[in-house]
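You will see chain A twice below: alongside chain B first, and alongside chain C after that.
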Partner chain A sequence: MNDRTALLKKIDIPTLIIVLFLVGLFVLAFITGVAVPPLIGDSLRRIGMNGVLVLAMVPTIRSGIGPNFGLPIGIIGGLLGALISMQLGLVGFVGFWVAILLAVVFCLPLGLGYSWILEKVRGQEMMVGTYLGYSIVAFMSIMWLLLPFSSPDMVWAIGGKGLRYTLTLNDYFGSVLNDFMKIKIGSFEVPTGLLLFFAGTCVLVYLFFKTRIGLAIDLTGQNEKYAISSGVNTKKARQVAVIFSTVLAGIGIIIYAQSYGFLQLYRAPLYMAFPAVACILIGGASLNRATITNVIVGTTIFQTLLTIALPVLSQVARGDITEVLRMIISNGMILYALSRAPKEAT
Partner chain B sequence: MEKILEMRNICKSYYGNQVLTNVNLDLFPGEIHSLVGENGSGKSTLMNILFGMPVIQNTGGFEGEIIFEGKPVIIDSPRKAMELGIGMVHQEFMLLPGFTITENIKLNREITKKNFLSRIFGKSLETLDIPRMRKDARKALDTVGMTTLDEWIPVAGLPVAYKQFVEIAREIDKKNLKILVLDEPTAVLSESEVKGFLEVVRFLSKEGIAILFISHRLSEVLEVSDRVTILRDGFVVDHGPISSFNAISIAEKMVGRKVEILELPKRGKNLDETDVIMSINDLHVLMPGEMVKGFDIDIIRGEILGIGGLAGQGKLGIANGIAGLFPSNGSVYFEDEPFQLNNPGFALNKGIVYLSEDRRGVGLLLDESVEINITATAIQAYGEFMKWLLFLKIYDKKAIRQHAIKMIKELDIRCKSPSQPVRRLSGGNQQKVCLARAFTLKPKILFVSEPTRGIDVGAKKLVLDYLVKMNREKGITIVMTSSELAELRSICDRIAIVSEGKPSAILKPTDSDAEFGMAMAGKFQEVIMGER
Partner chain C sequence: MVKIKNILLSNIVPIVFVVLCVSAIIIADIPINFLVVEIITRITRNSFLVLSLLIPVVAGLGLNFGIVLGAMAGQAAMFFAIDWGMSGVTGLIISCLLATVIAILLGFLSGLLLNRAKGKEMITSMILGFFANGVYQLFFLFFIGSIIPFSTKTMLLPDGVGLRNTVDLWGTLEGVLNNIWIIRMGQYGMIRLYMVPLIIIIVLCLFIFFLFKTKLGQDMRAVGQDMYSSEVAGIDVDKVRIIAVILSTVLAAIGQIIYLQDIGTINTYNSHEQVGLFSIAALLVGGATTRKASIWNAIIGVILFHTLFIVAPSAGNKLFGQPQIGEYFREFIAYAVIAFALAMHGLETKKSMAIQKAK
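So, the complex of A and B:
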C-alpha cells in the first residue's frame, strides 16, 4: 500500500491528466471503430522520430541551465550536415552517416558559441536561448538563399539559386533507418532501425552521465557550490552540457528528417523546440531534473496522443484539431513547469 | 528617579529550547545601560521582545512583563514600540539606498500638505512638504554632529559611519523618543569614528533619552556606560554600576562556563612543534560578513587546531579561503611548497578537505542519495570508484554501495538505505554524511566548520568523538572552526581566536575564561591590558 501511494505521489498531476486523456482517446477509437494497429505503428514511428530531439534536453536540464530552448541552433547544424551530404550526391546509409558526421562537426563550434553566450547571461538561459533560436533561424533564412548549393533537387526550379522550402529525401537517405530491419504484420509496422537508433542514443546519454564529466554536470546542476567544493570547473561543465545538447539536436533533426522524408528549411526549425521541451516535461522532468526515463515516457505519451487524436477526433469533431491540441498541450506543459519552478527552488 | 522601563522575569523558549530565563532589566531616563554577552547569549531575543518583533509572536510569545513608565504594557508589534517611544538602530542598515537622507529620516512619517486631490481621496494623496522635512532632517543631523553632511544627497555611496549616524538621526527625529536601543552600532566604525559616536551617545543621554547599548567591545562599554547587565546562556549573570567592574571581570562572566574536560585518548607519539604541515601568512579572504584581513598561523602536523571568535569576525572565512570557495590572497605553504589559493581542485588534490558550515547549501546534494553524497567528490576529484565499460570510464555502483554501507555503519548514519535522499535525514545524520564524504577523500588536513551546529546532543558527541578518533588513529590534522568555545576547548590542542579578521591570541584549552573573553573582545586588548 505504501509503495503504491509513493508511486502515485511520484507521478505529476499533468502527466496523469494527459495519460487519462490518452486512455480516453483509445476507448473512443474502439467505439468509433478506427483501426488501432496502424495507429500504433504510426506512434512508434513518431516516437523514434522525435526521441533524439527530446533527449537533447537532458544535458542542459541536468547542468542547471534548464530545457534547451535554443534547440534550433543545433538543428541548423544538423540541416547543414544533411544539405552537404545531399549536395555531394550521397545516397542510402552512406548519405545518412555522412550527414550525421557533418552535423556533429558543425554543431561542435555552434554549441561552443552558444554556451559562451549562455555563460554571460546566467539565470536567463531559457529566455536568451529562445531568442537565440529565433535569431539564428532568421539569419539562416538569408543564408539558405546565399549558400552555394547547386544540386538541381535542392534549389528553386526557377532561377536556379537558393534552397527550396522543403527538400525531398526519397532519393537520398529518406527512411533508411525506418526501413532497416522493418517488421510488418498486416497494417502494423515497426520501424526497428529507427527505434534501435533511439535506444542506442539513450544508452549513450545514460552512460555519459555515469562518467566523471557527466557527474560533474549533474553536480553543477544540483548544487553549484557543492560542485565547486568538489573541484569541478562548473563553467566547463555547463559548456560541455550545452555542446552535447547542441550535437544531439543536430543528430535529432537528421533522424527526424529521414523518417519524415523531407528536410524543412527556413522557419521550420523554430517549431521544433517547444514540443521537445513539452515532451520531456510531460515525462515527469522538471526544469532542473531530468532522466532518460522522463524522455522515453514523455515522448511516448505526447507522440501517441498526437497520432491517435487526428483520426479519432475527426470522427467526433469536424476538422483537424490535432494542431490545436498540440499547441495547447506543449505550451500548457511549459507554462506549468515554469510556474512551478520557484516553488522548487525554496 | 522613576524607572522608565522594567522588564521583569522574561522567559522565552524557541521550540522547547530555553533561550531566556528570568531575565530582569531596568532602565532610568538619561542613563546609558550596556548589555553584554557572547553570541547566542540571548541579547537579540531580549531586544526582539522589547521591540515586539513578529518572530516572538510567531514562536509562541514570551513569559514575564514589561513595565513602561510605571504601567504594564503589551508590545505586540514594532509599531506599538515606536508609539511608546522606543527606537532602535539595527546592526544591518535599514536604509533605502536610492532615497535621500531626508527621505530616509522621514520615511513613513513624512510631513504633508493638503491639496486638491487629497481633499477628495484622503490623506494618502497629500503633497510632501519637502522644505519642512529638510529642516527637521537638518536639525536631527546637527544633533548627531553631522553638521557638514548635506541632507539632500542619496544614502547610497555614503561611508558606513555616516549611514550609522543617519540611522540615529532618524530615531532622534521621532519627537517622543524615550529609549534608544543601539545594537552593536560600533561594529562597522573605525576607531576615530567610534570616538565621535560615543560623544553623540553621551549627548543624547544628557537630553534625557535612556540608551540601551549593545556591544562586544568592552573598552567602549567601560568608557560610556553608567550601568551594565551581563547575559550568558539566557541568564543574567551579573549587573550593577560600571564602576564595580573591569574588563577582565566582565570578560570572565561573559564566557565563563564549565568546560567539560573530556578524557581524550593519548597520541602514539607527541606532536613535533617544528613539523609544520601548513603555514598561512597574511591571508585575506573576501567572504561577505566574515572578512579575513591578514591571518597568520602555522599548523602543526597531527594537531587539532581550533579557530574561535565572535560571529562576523572572520573565523569562518579562513577555511573558506583555503578551500578556494571565496576569493583570497596571501602566501600559504603546504608541506613547504607554495599552495595555490582560489583553486578548489588544487586544494583537494593536495589532500586538503573542507567541510562547510553551510551544510545544506554547500555540503550536500539534498535530492541525491546518501551513497552519491558520500562518494561524488571522491569520484570527481580523484577518479575513485570508477570502472571501464568498453570505451567509457563510468562509476561503479557496486563499489559505491559497498563503501557507503561501510561508512554508514562506521558513523552510525540512521537512514533507510544508502539510496535514500539526504533531504529526508535529520540534521545530525546529514552532518554524519558530510563527515563520511570528507573522510572518503582521505584528507591530510581536514578543515571543518561548525560541525555541531543545529544537531542534537547525541550526534554532537559522536561527531566530536569521530573527529578525535580519526585524528588519533589516522594522524589527520584537523582545523576546527566553531562558535562554541566549550566545544573547541574540549577537543583542541590549541585554539586561535580571531578578531576583526586577524588572530588576536593563540590559547591553550586550559587557559582561563578571562583570557578567552579578552581575546574575543579583540582590538582593544592592549588598551585593557594597560589598565590592568
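So, the complex of A and C:
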C-alpha cells in the first residue's frame, strides 16, 4: 500500500492528466471503430523518429544547465551533414552514415562555441539558448540561399540557386532505418531498424553516464560546490554536456528526416526544441533531473497521443485539432515545470 | 577618453543600428520621401505596443514576452465588437473597454504564474505566450460558432465554426482613430500625420513618466532593484509585480487595437504572434537592456528597427539579387539583438552574484 502511494506521489499531476487523456482516446477509438493496429505502428515510427532529439535533453539537464532550448544549433549541424551527403550523391546506408558522420563533425565545433557562451551566462541558459537557436536558424536561412549547393534535386528548378524549402529524401537515404528488418503483420508495421537505433543511442547515453566524465557531469548538476570540492572540473563537465547534447541533436534531426522522408530547411527547425523539452518533462523529468527512462516514457506517451488524436478526434470534432492540442499540452507542460522548480536553481 | 569610450560601449546596439540603417538606405537607394512616410506610419502603429514593455522592465521582471496575451485580448475584443454591430469611434471604445477587462484577467493570471517562477520570468512569459496561443486557437478555431455564439456568418469559416484567417476591418474599425484628425505635409500632402494616435502615444508617455513619480512607481523601482530588501522594507513585492504585469498586458491590448485599426485587417491566427518578438527587438535596438528601459529607448528603437525593416528587402535585392535574403536578414537581426541583450543580462547577473558572494 505504501509503495503504491509513493509511486503516485512521484507522478506529476499533468502527466497523470495526459495519461488519462490518452486512455480516453483509446476508449474513444474503440467506440468509434477506428482501426488501432496501424495507429500503433505509426506511433512506434514517431517514437523512434523523435526519440533521439528528446534524448539530447538528458546531458544538459543532468549537468544543471536545464533543458537544451538551443536544440536548433545542433539541428543545423545535422542538416549541413545531410545536405553535403546528398550533394555528394550518396544513397542508402552509405549516404545515411556519411550524413551522421558529417553531422557529428559539424556539431562538435558548434557545441563548443555554444557551451562557451552558455558558460558566460550561467543562470540564463534557457533564454539565451532559445534566442541563439532562433538566431542561427535565421542566419542559416540566408546561408541556404547562398551556399554553393548545386544538385538539381536540391536547388530551385527556376534560377538554379538556393536550396528548396523541403528536400525529398526518397532517392537518398529516406527511411533506410525504417525499412531495415521491418516487420509487417497485415496493416501493422514495426520499423525495427529505427527502434534499434533509438535503443542503441539510449544505451550509449546510459553507458556514457557510467564513465568518469559522465559521473562528473551528474555530480556537477546535483551539487556544484560538492563537485568542486571533490576535484571535478565543473566548467569542463558542463562543456562536455553541451557538446554531447548538440551532437545528439545533429544525429536526431537526421533520424527524424530519414523517417519523415523530407529534409525541412529555413524556418522549420525554429520551434523544434519545445516539443522535445515537453516530451522529457511529460516522462517525469524536471528542470534539473532526467533519466533515460524519462525520455522513453515521455516520448512514448506524447507521440502516441499525437498520433492517435488526429484520426480519433476527427470522428467527433471538425478539422485538425491535434496542432492546437500539441501547442497546449507541450507548452503547458513546460510552464508547469518552470513554475514549480525549487529555488535551489537560483 | 575613458568617458567617451564608456558612452560608446553602453550604446553599442543603437550605434551599430544607425550604421546598418544608413548603409542599407544608401544601398537600397530608397527615396527619402517614401522612407519618411513609412517611418511615421510605423511610429503611429507600433510605439504604443513597445511602450507597454517598459513597466515590467523597471519592476525587475525583464522583457515581458507575455504582451502577446494582451495582443490576443485586443484582437478578441475587436472580433466581438464587430459581431455586435459596433463601428466607428463607439466600436473602438467598446473594443478598448472589453479588451481592458480581458487583459486585466489575463495579466493577473500571468502575474501569479511569473511570481512562481522568479528568476525565470522571461522564459516563462515566452512559453506562456505559446501556450496562450494554443488556447486562443482552440477558442477561435473550434469554439466560436459552436459553443460561443457568433452571429456574423461572413466572418466564420464555411461550415459555421471557427473564424476565417483574415478579418477585414473595412467599414467597421479601419482607420477609425487615424481619420479623426489628419495633418498633411510635404509635396502633394504625401506625408500624413495621424494626430489622434500620436496624441494617445504622448499621453501614454506622460502617464508612464508620472507613474514612476507615484508611490506605486517608486515601489516598482525598488522591487526591480532588489526584491529582498524591498520585502524587508515592507513592500508587498508579489502584489507590485502583479500590478506591473497587469498594466503591461492592458497597455499591450490597447496597443494592438491601435495597431490593427491602422493595418485594417486582422490575420486572425498570426497578427499577435510576432508582436512580442518585434516589440522587444525594437525596444532593445533603442538601447534598452533587460533591466533598464526608458521612453526614449522605445521611440528611437521603433524608428531604427523599422527603418531597417523597410529597407532590408530592397537592400538584399540590390546586393544579392534576392529580396528573400533581406527578409531573412531582418529576422536574423531581430533574434540576434534579443540574444545579445539576453547574453549581456546573463553576464551582468553572473557578475552581480559574484560581487554579492564576495561581500
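What we mean here is this: the second predicted complex is superposed on the first by the 341 of 346 C-alpha atoms of A that agree within 3 Å, B and C clash if a C-alpha of one lies under 4 Å from a C-alpha of the other, contacts with A are read in each partner's own complex, and residues count from 1 in each chain.
Please note the rule applied: contacts are C-beta pairs under 8 Å (C-beta built on N, C-alpha and C of every residue); 3 or more make two chains touch, one makes a residue touch a chain.
Just so it is clear, the structure is predicted and the values come from calculations on it, not from any experiment.
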Superpose on chain A as described above, then tell me if chain B and chain C fit or clash.
fit
Should A:L338 be classified as contacting the first partner (chain B), the second (chain C), both, or neither?
second
Can A:L145 be said to touch chain B (first), chain C (second), both, or neither?
second
For chain A as apex, the angle formed with chain B and chain C - C-alpha centres, to the nearest 10 degrees
70
Which holds for A:R289: it touches chain B only (first), chain C only (second), both, or neither?
first
The chain contacting more residues of chain A, comparing chain B with chain C, is C
Going by the contact rule set out at the top, does A:Q222 touch chain B (first), chain C (second), both, or neither?
first
Who does A:G231 touch here: chain B (first), chain C (second), both, or neither?
first
May I ask you to decide whether A:F274 touches chain B, chain C, both, or neither, giving the answer as first, second, both or neither?
second
Could you say whether A:K210 touches chain B, chain C, both of them, or neither, answering first, second, both or neither?
first
For A:I183, select first, second, both or neither according to whether it touches chain B, chain C, the two together, or no partner.
neither
Rounded to whole Å, the nearest C-alpha atoms of chain B and chain C in the superposition sit apart by 6
So, in the complex, the side of chain C touching chain A is made of residues 113, 116-120, 122-124, 126-128, 130-131, 133-135, 137-138, 141-142, 159, 161-162, 320, 322, 324-325, 328-329, 331-332, 334-336, 338-339, 342-343, 345-347, 349-350, 353
Can you list the chain B residues touching chain A in their complex?
323-325, 344-345, 347-349, 354, 356, 358, 361-368, 376-377, 379-381, 383, 386, 389, 392-395
The chain A residues in contact with chain C across the complex are 69, 117, 120-128, 130-132, 134-135, 137-139, 141-142, 145-146, 161-162, 266, 274, 317-319, 321, 323-328, 331-332, 334-335, 338-341, 343, 345-346
Residue ranges of chain A touching chain B (in the complex, touch as defined):
207-208, 210-212, 215-216, 219, 222-223, 225-233, 289
